[in-house]
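Just so it is clear, A, B, C and D label the chains in written order, and each chain counts residues from 1 on its own.
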Amino acid sequence: MENLIALLVGAPLLGAAVLLCGGRRLDRTGHWIGTLLAAVSFAIGLALFADMLGKGAEERALYQRLFTWIPVEGFQADIAFQLDQLSMTFVLLISGVGTLIHVYSIGYMEHDERRRRFFGYLNLFVAAMLLLVLADNYLLLYFGWEGVGLASYLLIGFWQHKPSAATAAKKAFLVNRVGDIGLSIAIMIMFTTFGTFAFGPVLEASGQASQGTLTAIGLMLLLAACGKSAQVPLQSWLGDAMEGPTPVSALIHAATMVTAGVYLIVRSADIFNAAPDAQLVVTIVGAVTLLFGAIVGCAKDDIKKALAGSTMSQIGYMILAAGLGPIGYVFAIMHLVTHGFFKAGLFLGAGSVMHGMNDEVDMRKYGGLRTYMPVTFVTFGLGYLAIIGFPGLSGFFSKDKIIEAAFAKGGAEGWILGAVTLLGAAITAYYMTRVMLMTFFGEKRWQPDADGNPPHPHESPRSMVIPMVLLAVGSVAGGAVFEFAGFVEWLEPVTGYEHGHPPIGAAAVTACTVAVMVIGVGLAYLQYGRRPVPAVAPRGSLLTRAARRDLLQDDFNHAVFVTGGTHLTRSLVYVDHSLVDGVVNGTAASVGGLSGRLRKLQNGYARSYAVSMFGGTAVLIAATLLMRAV
Amino acid sequence: MFGTSTAFPLLTVTAAVPAVGAILTAAVPAARRTAAKWLALLVSLATLVLAGIVFARFEPGGERYQLTESYAWIKDFGVRYELGVDGIGVALIALTALLVPFVILAGWHDADPLETSSKRWRPTQGFFALILMVEAMVILSFEATDVFLFYILFEAMLIPMYFLIGGFGDRAHAGSDENAAAQRSYAAVKFLLYNLVGGLIMLAAVIGLYVVAGNFSLTEIAGARANGSLEIATSTERWLFLGFFFAFAVKAPLWPLHTWLPNAMGEATAPVAVLITAVVDKVGTFAMLRFCLGLFPEASKWATPAIVVLALISIVYGALVAVGQRDIKRLVAYASISHFGFIILGIFAMTSQGQSGATLYMVNHGISTAALMLVAGFLISRRGSRLIADYGGVQKVAPVLAGTFLIGGLATLSLPGIAPFVSEFLVLVGTYARYPVAGVIATTGIVLAALYTLVLYQRTMTGPVKEEVRKLPDLRPRELAVVVPLIAVLIFLGVFPKPLTDVVNPAVRHTMSDVQQKDPQPEVEAAK
Amino acid sequence: MSAHLAAYATSTGEAVQFWVLGTVAVIGALCTILMRRAVHSALCLAGTMIILAVFYLANGAYFLGVVQIVVYTGAIMMLFLFVVMLVGVTAADSLKETIKGQRWWAVACGLGFGILLSAGIGNASLTEFAGLGAANGARGGNVEGLAALIFTKYVFAFEITGALLITASVGAMVLTHRERTERARTQRELAEQRVREGKHVPPLPAPGVYARHNAVDVPGLLPDGTPAELTVMGTLRKRGQIRDVSAEAMADLKALEQRSEERLGRDRDARDQDAFGRDRDEEEANR
Amino acid sequence: MNPVNYLYLSALLFTIGAAGVLIRRNAIVVFMCVELMLNACNLAFVTFSRMHGNLDGQIVAFFTMVVAAAEVVVGLAIIVSVFRARHSASVDDASLMKL
């Protein structure tokens, strides 16, 4: 059975290779090949899942070792896979949602002449993401980590003719690279500390390492997670990443890739458990991002950017949960999966709306669409209810658990974190309601696009609708299924679990959650449901304006890194040319001048040469005499 | 240990084939230009086959230097014609033999005489003959185990390189023809002077070595030093080490001795630039491993901190300056400087990971730079300009070119799955194990690498299509034949570098024992 | 002075002789290098050489003494004089130094050299003093002694010098001999040419006839007092050996110094030089 | 009187000759100065031969004379032909070694 694991990765990888090298002759069939291979991977995943369910909790983990990747004195990196419950969860999420989004893209990218390449990139992404979650050592994980980064770069910049897209892609890759520094340094520390970086040995031995070392590793892993999961301070790329096609935003920047950070932390649970300081930082980062994303989400008029803010904030929840330790890991993953469903669904809905509105993204130019695209409305609505944590839907269970866990952390931290999570829940409800109202309710605020032809919204083709429906189902049922099918028991052998007891009791927490949710919805309704939405954004309060600009984070980056870096490189180029090179050229010039002056002595007169000869003789005699005298 | 020579002088033949081929190529009459090209290509392929045989005949488990040959050359000074390869040499010979055919293929039309030139003029023959001559000398220098012989080759290869740079410049030049010629000769002379100065100092050190050691045989001297029969005073050893190291640091440009490289690579044609950075410069880093560490272990350890600092400066500085470049080829040159910093860092980290990584890095950097530079050369030859600003949206009109260019770039920023990642990560790990701070600083290099590569790609390939590039054709079959195999090798070595590491590891073990260094042990013994 | 005396000791007579003649020799040498005209230099040098011959004799080298007189003063110096006549007084005879600082350097080096040389001689331990009596007496005379050495010990050197002399004379001939390219024109042809060209149809005027002199190198003066170059024979004219109207010589001088100036790039001095040359020119003309 | 004085005299003459070579421009005079130097050497030789009481010094002087004669012959011939070619016997004139 374990020999199938390689196929999980292999199938989409094959697809990518075929599609990218295949050339134009595959333009006609390319998207089918891509979708098929993604589906194959999903099927294998299901098969393995079934097999895994058949076994006892302990021997569920499967291992497959292909070959030695980097065999060097004292440094053994293998191409080897590890499929345990945690990986399994991700495999199903990735390949499942991935397949759905492949299907969706068939319709969405219909009119793009580079569709074949798009599917190639999608397959590449799926392969890399599966490699990431299946790796049995950190170096191979790094391989997948960078692979998804590449795929995301290619897909964000898929419409390369748009400078904005190219820039966004570059930005995403660079910010991720900054995170990658963390991962590679973490691996280096592991290697020097444990002499290996395979999950098993490292996590086992992690207890024996010194506190400082573990904290260092933990913080470095966190840095990596921040880069990949768009957490503060490395979150700036996610908003721009929405330049990519909407399926990409749904798959990569909502459902799967951005959650890799959470996977990394949960996977390294033992290290974090042994390093409380690192854990604390993790929770802080999560909490900050949670609020940050939520606030940004409230201010954006671009529907995708609003959703991106929301993604950021939801991942903040997960990171926070992961930072809570054994009481939170399971719920981080759980929320990750449910979020994968409903956020993907929301993005696909947004894509469907844009599809109908000539790719208009400004919500202020939507309005009253519920009658024109009912299916989109329903699926989007379900996703909306799920994310705000409407009781019974998936988001409710996962988020509620996280809030409980936050309170259960205990002490002042517990109270603070719990408050933050509650506040976040309220804001989530607020901005999601805002999106909902601005898009589907109220009067039409449509405007003709650049070419002047007015939008005539319509329901999207079936290939796009089906995935939305399926995801909606997932976002409705997912939570309940996990809750009652025992997701905790399922993951517990891998991540460990201990039940957290919130000081005010679970029921109370749930009540608070629902309450704040209602408050958030109500506020949003008062602001956007009762009054007409202005077609042009009002100036808004200082906070609003800051939030529209991602809370000035980009401006900061630009001022510090971009401008500073530009000046630095300019000055260095100058230094290189005039200083380092100048010294050399200066030497050459001075030598030339000296020889030119010496040349003057050669005036061509035999007599003056004779003089020097004569003088030379005199000197010789003097020398000999001196030698004699001495 | 060197009395016996193998029955068949394989190493000599491997070096002799391109040399003879060069002479033959040069002798081809002016009219038969194409014949000369094909001859050169065939010769280089034959060399590749021979190199493959060497690679196959070399037993990783066997003696340190294999396939040895040894003949007396200048008896009075104990100079011997002494050849032998260890794993590092084998790997680099393979690299050289692998790259040269692609260089020749890529430079197929670079040396065609202009319409204006006279019928009797035969630049093409000269161009390919010089390339083959360089190949011969480089291969032989990788084989030489006699210091004097190595020195001769180290200097001699400057001559063909000088003519390749000064004689066959990049026709896509911003300025007028006179301006181009002037800059070209400036670059060539700069290249020559820099390396001659280095070589001169090395010559002094070589003589000094002879004075103290009494012969030139690397193996004998190293052996004598190992078993203590040859004592060299500490100060003497340090001076000799510095003499050697200076020459090698110029050749493998180490900050601040690097400024000749951008000029040379900028002015030379892309294939020649590849020859410079991917093949010739490797002699420098190779010699650091074999001669500096092999002959002067103590001095090497003494100088390590300074060299590590210089290497770090090279890494960061080169990358930053690369970001600021306006000229594609100069950008690649500065990127190479940054990469050479990594190589030298790995060598002097004195850990087996670092040194294996450095050796792999030499090979991988050669191939990846070749891929990137040659594609860039194809692009430049189409548009006739080296300035990044003159391009834009190429990806739209020439997707294959853009794709290969991107892969080359990704290799340069050492993306996992492509060969350079393996070596770079090994170097980083090896460095971190001994000098954590240096390891961390060097890690920033991966971000900077991403920066200059992606900026280059974005400005040239993406965005709205510029009017001038609207008509650019995509890669032609000949050019595909150059790029595709290189990329294939890159990806293969990125996923399965074992064939290379198997050869390299024993050599690294020997070097580590030369410098009497042990890898730092992990503080926690994890269950393997 | 007597040979015996010289043979073994230095008498007061020799001392006197040395001091007197030595002074003269030095003066001669100085004159040689300071005289403006080559002829005078040659004569002074001849004098110095004769004195040296006397010194040889005083040192008991009778053969060399004679040879010195015969060969040097008799042959070589005469050869010099002939060449001087052949080449004549050229502008080169000006003592004006054209190379910047040459003269000072020369003097400085000369002084230093001389002083050092003397110092060398001084601290050389030249105490023993054999005298030539035995050596000359061995074969019954200085000449026999030399002969014995030349024809035994130095015979090869001697032969080779002979060869050298032959070669030298042949070489001298080769160098100086000039092949006549075209037939010399007869007097008739010359006359016809004169008539054809229509100038100087009558024979050329004789030199100095109407002037104060009648020497061949003094040009006759035209009615307005300007010298008529024509009256001087061509050879002299070509050599610039027209005595008091040495316009050509001055011209040569100027030309030469002009060339030198250009080489040294010192035009200003050159101009002074011209002035100098010109006014000296006038003096002579007036005299 | 100490015959060493002869040596001083020869040194003096030699120096004067050398100075003349350096100062004079007329090739003929330069040549004369060379002869003067040769003679000075001869004087030294003769004096030495007297001091050491053997005739070899005189032999050398003799050969010097012969060689000098040959040299003069050739040298003067050269001067004459140079003069014919350039109408000048100046040393500066004849030697343009500079580019």
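Criterion: contacts are C-beta pairs under 8 Å (C-beta built on N, C-alpha and C of every residue); 3 or more make two chains touch, one makes a residue touch a chain.
Please read all numbers here as calculations on a predicted model, not as lab measurements.
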item	value
Minimal step count in the chain contact network, subunit B to subunit D	2
Third chains touching both subunit D and subunit C	A
Where subunit A and subunit B are represented by their mean Cα positions, the distance between them in whole Å	37
Mean-CA-position distance for subunit C and subunit B (Å)	72
Inter-chain centre distance, subunit A versus subunit C - centres from mean C-alpha coordinates, in Å	104
Gap in Å, rounded to a whole number, between the CA centres of subunit D and subunit A	98
Residues within subunit A bordering two or more other chains	603-605, 607, 611, 614
Sequence positions of subunit C contacting 2 or more other chains	99, 102, 105-106, 109-110, 113, 117, 263
Contacts with 2+ other chains: residues of subunit D	18, 22, 25, 91-92, 96, 98
Those chain pairs that satisfy the touch definition	A-B, A-C, A-D, C-D
Contact footprint of subunit A on subunit C as seen in their complex	99, 102, 105-106, 109-110, 112-113, 116-117, 119-120, 123, 263-264
Of subunit A, residues touching subunit B in the complex	20, 67-75, 79, 139, 142-143, 145-147, 150, 153, 157, 160-161, 163, 165-167, 169-170, 173-174, 177-178, 180-181, 184-185, 187-189, 191-196, 200-202, 204-205, 208-210, 213, 565, 568-570, 572-573, 576, 580-581, 584, 588
Complex contact set, residues of subunit D against subunit C	1-9, 11-20, 22-29, 31-33, 35-36, 39, 42-43, 46-47, 49-56, 58-59, 61-63, 65-74, 76-81, 83-84, 87-93, 96, 98
Residues of subunit D defined as touching subunit A within the complex	18, 21-22, 25, 91-92, 94-98
Subunit D contact footprint on subunit A (complex, rising order)	602-607, 609-611, 614
